[in-house]
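Next up: some structures, all given as structure tokens.
First subunit A sits with subunit B, and in the next complex the same chain sits with subunit C.
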Partner chain A sequence: MNTRKKNLGALLFCLPGLLILAVFVYFPLIENIIYSFQSFSLSSSSKTFVGLNNYKELFSDPVIWQSFKNNVLYAVVSVVMQVFFGLILAAILEDKVFRRSESFFQTVFFIPTLLSLTVVCLLFEFVYNPQMGLLNSFLEAIGLDSLTRIWLGNRDTAMLSIIAVSQWQSFGYVTMLFIVAIQKIPSDLYEAAIVDGAGKIRRFFTITCPMVKQMFFVTMVLTVSGAFTVFNEPYILTGGGPGTATMVLSLHMYQTGFVMNRMGYASTIAMLIFVITAVLSSVQFFSFGTGKEERE
Partner chain B sequence: MKKLLVAFMVMLALAPVFAGGSSESSGNADAETQIFFFHRWPNDPKNSMFNDLLAQYMEENPDVNIEMDCILNDQYKERIRMIVSTNDVPDVFSSWSGTFAEEMIASGNVLALNDIYEADPEWSGRLASASVAGFTFDGTIYGIPWSQDGKVFFYNKTIFEELGLEVPTTWTEFIAVLDALKAAGYEIPLAEGLVDQWAVLHYLGTINQRMIDEETLAKDYDPATGEFTDPLYVTALEKWQQLTTYMGDIASAIDHETARNTMFATGESPIMYLQFAEIPMLEQVIPEDFEYGFFNFPAFEEGKGDPNALTGAPEGFMISNKAENIDACVDFLKWLVSPERGYILSTVGGDMSCVDGALDGEGIYESQKEALAMIQNASYLAAWFDNACDPSVYVVYGQGGQAIATGDATPESVMAQVQAAAASLH
Partner chain C sequence: MKKDRIFSKSISGKLIFLMLILLSVIIIYPLLWILMSSFKDYMSIYQDVWGLPEVWHFENYVRAWTRGISQYFVNSVIVTIATLIGVLFIASMLAFGITQLKGRIGYVAFLLVMVCLLLSPQVCVLPLFILLRGLGLNRTYLAMILPYIAFRLPMSVMLIRSFFVSISKEMEEAAIIDGASLWQIFTKIYVPLSKPILSTVTIMTIYYAWNEFLFATILVDSSSLRTIPVGLMVFRDGLMTEWGVVMAGMVISCIPLIIVYLCMSRNFIRGLTAGAVKG
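Let's turn to the complex of A and B:
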């Protein structure tokens, strides 16, 4: 009886959370699934059921394919730059050599994360500006005139320039997460390895890497799902242009919904984004595990 | 435990009470008559102009309180689209003419104003009829226009005189002028910022209007019948492609305002396609001896559209038929859309009022008077591209126009996409 009462109490405490989740996550999700089979505009009072038409359009829409490619590029660069290099940087900062200046570097790398994304994007607009931008001026100053580009106005460089902004901003955050994970590794493991004669690189691969597996999983999920839901950077910096060169799925969804005023089809694009992020998260979830076994 | 739970539940129940924000209100907050006014000009000078005007109106009418809210263009479009069909529709709100106005009207919440126009001919007779036409659908007037605008090529008179160039009237002459400017050392003879898709659309809208015959254009711009199969559409985009070669690579990475302020106003680029509404902004940045004139978009030799039309459209206000105090809304708008306030709009706000007599006083730029004459002399006002056709079509056009400028798409490939977008609307 007592246990049952306790359980009931626990359930009651969960209730607000569940309620909020239901109202703000599950209900909109279900609504969105329904919307994706309909056709309607923001100001229309009725919705027309169109069956699978929106989904058919999804697979023949050239902008979807372009956006998807950009998102994949975003994800690949983010994983390499943030997760792999973030881990390496964290290991370096946690090394004895850097112990003294560690907090200084941590702060330096972490500061961009604290800035508002909008501010960062506006800042980079000045960096990339073709008339008086810092980047081109810098390249000219060091005699690399041939490398100056119209960074955001050129199809070949626009997407990579936008991706670079995200890396600059998020790199420190992921590094910080890895630093926390590395700090949790018991020091006797390293001491034993040193006694066994393992060098720094060997210790990194045989102790640090396996011990931060959980954090690796967390950061992978964060960066990959972040890459597939990225919106602000291309929206502020290029608006998806020139043409559709920097279009990403969420921006295409936004434009379809709020500019073209086709909410039904926009919901279908939202479903695509949901399926992609859900599948990727599950794949990572099952391949890396949740880390439970390590605790037991 | 139970107490804690109860306390928590009470807090949860009360949360909305504490969270409910108070809306901004000024002036006669306790007045009997309340009007909610929503517009799209949160930037100065217009925002402070509106604040001053409202303060003046409320002082003159102590029984009326006007609550004002405003957000910028694109966000405004989203917001008003979302609320126009609901009970939260603002009492008075700003609207573009053309398809945007039609969309608002389709909500069924916009008041028909024919009676109001007829009841006060002295007031309504002062409104430019071409501007009222932008808000008239099947004989019913749904809006009160308050500004009018047109888009023409502004040119640097000094440079033209130095090089002995004449104002072009045909496309061939125009290209010859651009070539001559290039030969004279003006690397980018035509300034533009193509990051702004609307800037691309303003060009494409005019080019289409000049190139395609009116009937075909009307049929294609109608979402129900649009096909865009006339081969002249491809020719139109080829003209655009040709024009972009005079804008320099830089055009794809800067916005319209930057191009105006750093290229046209400095004399680096002698020609730019600008709106009359930009005259005050231009006047603020040009050197004192800077002289400019304007010419309408040149006629295409093979074009079938009316070359004397002027791209531009009126903007105005609509009243919700759900407004509690319709009479007060009408009174307020009549007060706002008058020669006195039109004068303030033209001098402080920078737009050209469409009220007769508003542009007579001092402080009006000579160029604004010239612009007014140009609007009046135009055979008709062709709506902005993004007010003339469905967003699904013009977004593809805008993206395609940008891609053509950067050399990433051909006129044929863009037209194929436009045709597909138009077909998906049937």
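Let's turn to the complex of A and C:
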């Protein structure tokens, strides 16, 4: 009886939070699943059930394929530039040789994380500007005029230019995560290795890498699911163009829903994003749990 | 030790150092350039991309402020503070409730919260738009505040709960013997002891709400409610060639977070890494 009364009280504490989650997370998710089998526009009051038609279209839509490829490219570049490069950078910064300058570099690399994505994207609009942009002026200044181009207006360079923006903004953050992880490694491990005559590179591979395995995994999932939900950069910088060269899944979803006013099919695209990201994050969720480190 | 010193003087050590410097330049230079150009007028940016301003146009900042940034700034402050208060209150109550629930129901409640971590906001944005419009909230600040709170809850609850679990039960048991209510235990014991984790959540939430773009651009259907990230886009489109003013607006929009960072950089880094480290 007493436990029951206490549970009732505790449940009251949970109520506001659970209510908000129910209304603004669970309910939209369920709605989205229902919408994905329907066809309707924003202004129409009725929705028609179309069965699996939206899903059929999903698999034959060439823009989906193009977007998916762009998302994959985003993920691959981000993993290499942020996770691999970030780990190496963190190991370098944590090395004794760079101890004195570490906090300077750490601060500098972290600065872009403080800026909002809009600011970063507008900044790179100026960097990529064909007439007075920093990049083209720089190339001209060092005599590489032949390399100058309309970075965001060219099919071949547009996607990579957008991806570069994300790398510029995020590599410092991932590096910081690895620094946090490396600092947790007990230093006697390194001392023992030095006694055994292991060099820096050897120590990196035999001690640092295995000890930051969990962080490696976390950042991997973080960057990959980030790459599959990317929206702001292409939305602000190119709007998906030229053509569909820089289209990504969430931008395609947005344009299908709000520009072409096909909410049903847009919800189906959302389902695709949902499946991809949910699979990715459940891999992290279930293999590394959330309770393991928490009592530290 | 000796080996390390040799390494630092070696060519590879110097090469790496050079690379780090180069990387820093790639980060810092564009930022300095924005700062510098925000004091120039259009012609001097266009004609001399690299140079220092000949005339310092401080009025760019005044113009940016009066041409719209002030409104966006105020909106961002309102939305950020409301989201922060909501997250701190609701998340700590929910975390407390979960730790107090006995038996399977506590586990179920926790799982219901954690599953939301798997969900990216993109998936909910279309139905949220329809829902908020149906509720008549799409022309109010609540169109941002409520979804922001909802999507910050899972991570915040996870962090706060794991802190609550580590608080020793002795005080609580003593309080129960003295006949304290759950509310008293929550406000007199748990909240005061949890300042470190609450400050971490505070920074995470401020960072999120100040920079959030997707919801702010899609869910809000009123030009007078735009927050800074969305407003800057409109600002740029409206000012076409007045680049100096646009850049002044960009600089202004970064100032609050930079101040927060400078005041509490250690907390800030902990705040931004906590989710990943413990998730």
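Here is the rule we go by: the second predicted complex is superposed on the first by the 256 of 296 C-alpha atoms of A that agree within 3 Å, B and C clash if a C-alpha of one lies under 4 Å from a C-alpha of the other, contacts with A are read in each partner's own complex, and residues count from 1 in each chain.
The working rule: contacts are C-beta pairs under 8 Å (C-beta built on N, C-alpha and C of every residue); 3 or more make two chains touch, one makes a residue touch a chain.
Keep in mind it's a predicted model, so treat the numbers as computed, not measured.
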Legend entry - Greater residue coverage of subunit A in the superposed arrangement, subunit B or subunit C: C
Legend entry - Partner chain(s) touched by A:Gly9 [first = subunit B, second = subunit C, both, neither]: both
Inset, instruction - Scan A:Ile185 for contacts with subunit B and subunit C and give back first, second, both or neither. - result: neither
Inset, instruction - State whether A:Phe258 touches subunit B only (first), subunit C only (second), both chains, or neither. - result: both
Legend entry - First, second, both or neither for A:Thr244, with subunit B first and subunit C second: first
Inset, instruction - Determine, under the contact definition given at the top, whether A:Ser41 touches first (subunit B), second (subunit C), both, or neither. - result: first
Legend entry - Which superposed partner A:Phe24 touches (first subunit B, second subunit C, both, neither): second
Legend entry - Which superposed partner A:Gln131 touches (first subunit B, second subunit C, both, neither): both
Legend entry - Touched partner set for A:Leu139, first subunit B, second subunit C, both or neither: neither
Legend entry - Doubly contacted subunit A residues - partners subunit C and subunit B: 9, 12, 16, 42, 131, 258
Inset, instruction - Going by the contact rule at the top, pick out the subunit A residues touching subunit B in the complex. - result: 9, 12, 16, 41-45, 57, 62-63, 128-131, 150-155, 238-245, 255, 258-262
Legend entry - subunit A contact footprint on subunit B (complex, rising order): 1, 5, 8, 12, 74, 77-78, 81-82, 84-85, 103-104, 106-108, 194-195, 197, 249-254, 258, 262, 390-392, 395, 399-400, 402-403, 405-406, 408-409, 417, 424
Legend entry - Interfacial residue positions of subunit A with respect to subunit C in the complex: 3, 6-7, 9-18, 20-21, 23-29, 31-32, 35, 42, 92-93, 96-98, 101, 104-105, 107-119, 122-124, 126-127, 131-132, 134, 137, 141, 168, 172-173, 176-177, 180-181, 194, 199-200, 215, 218-219, 222, 225, 229, 231-232, 235-236, 250, 253-254, 257-258, 263, 266-267, 270-271, 273-274, 277-278, 281-282, 284-285, 290-291, 293-295
Legend entry - Sites on subunit C touched by subunit A in the complex: 3-4, 7-8, 13, 16-17, 20, 23-24, 26-31, 33-34, 37, 45-46, 49-50, 89-91, 93-94, 96-98, 100-103, 105-106, 109, 112-114, 116-128, 130-131, 146-147, 149-151, 153-154, 157-158, 162, 165-166, 181-182, 186, 210-211, 213-214, 217-218, 228-230, 232-233, 236, 243, 246-247, 250, 253-254, 257-258, 261, 265, 269, 272-273, 276-279
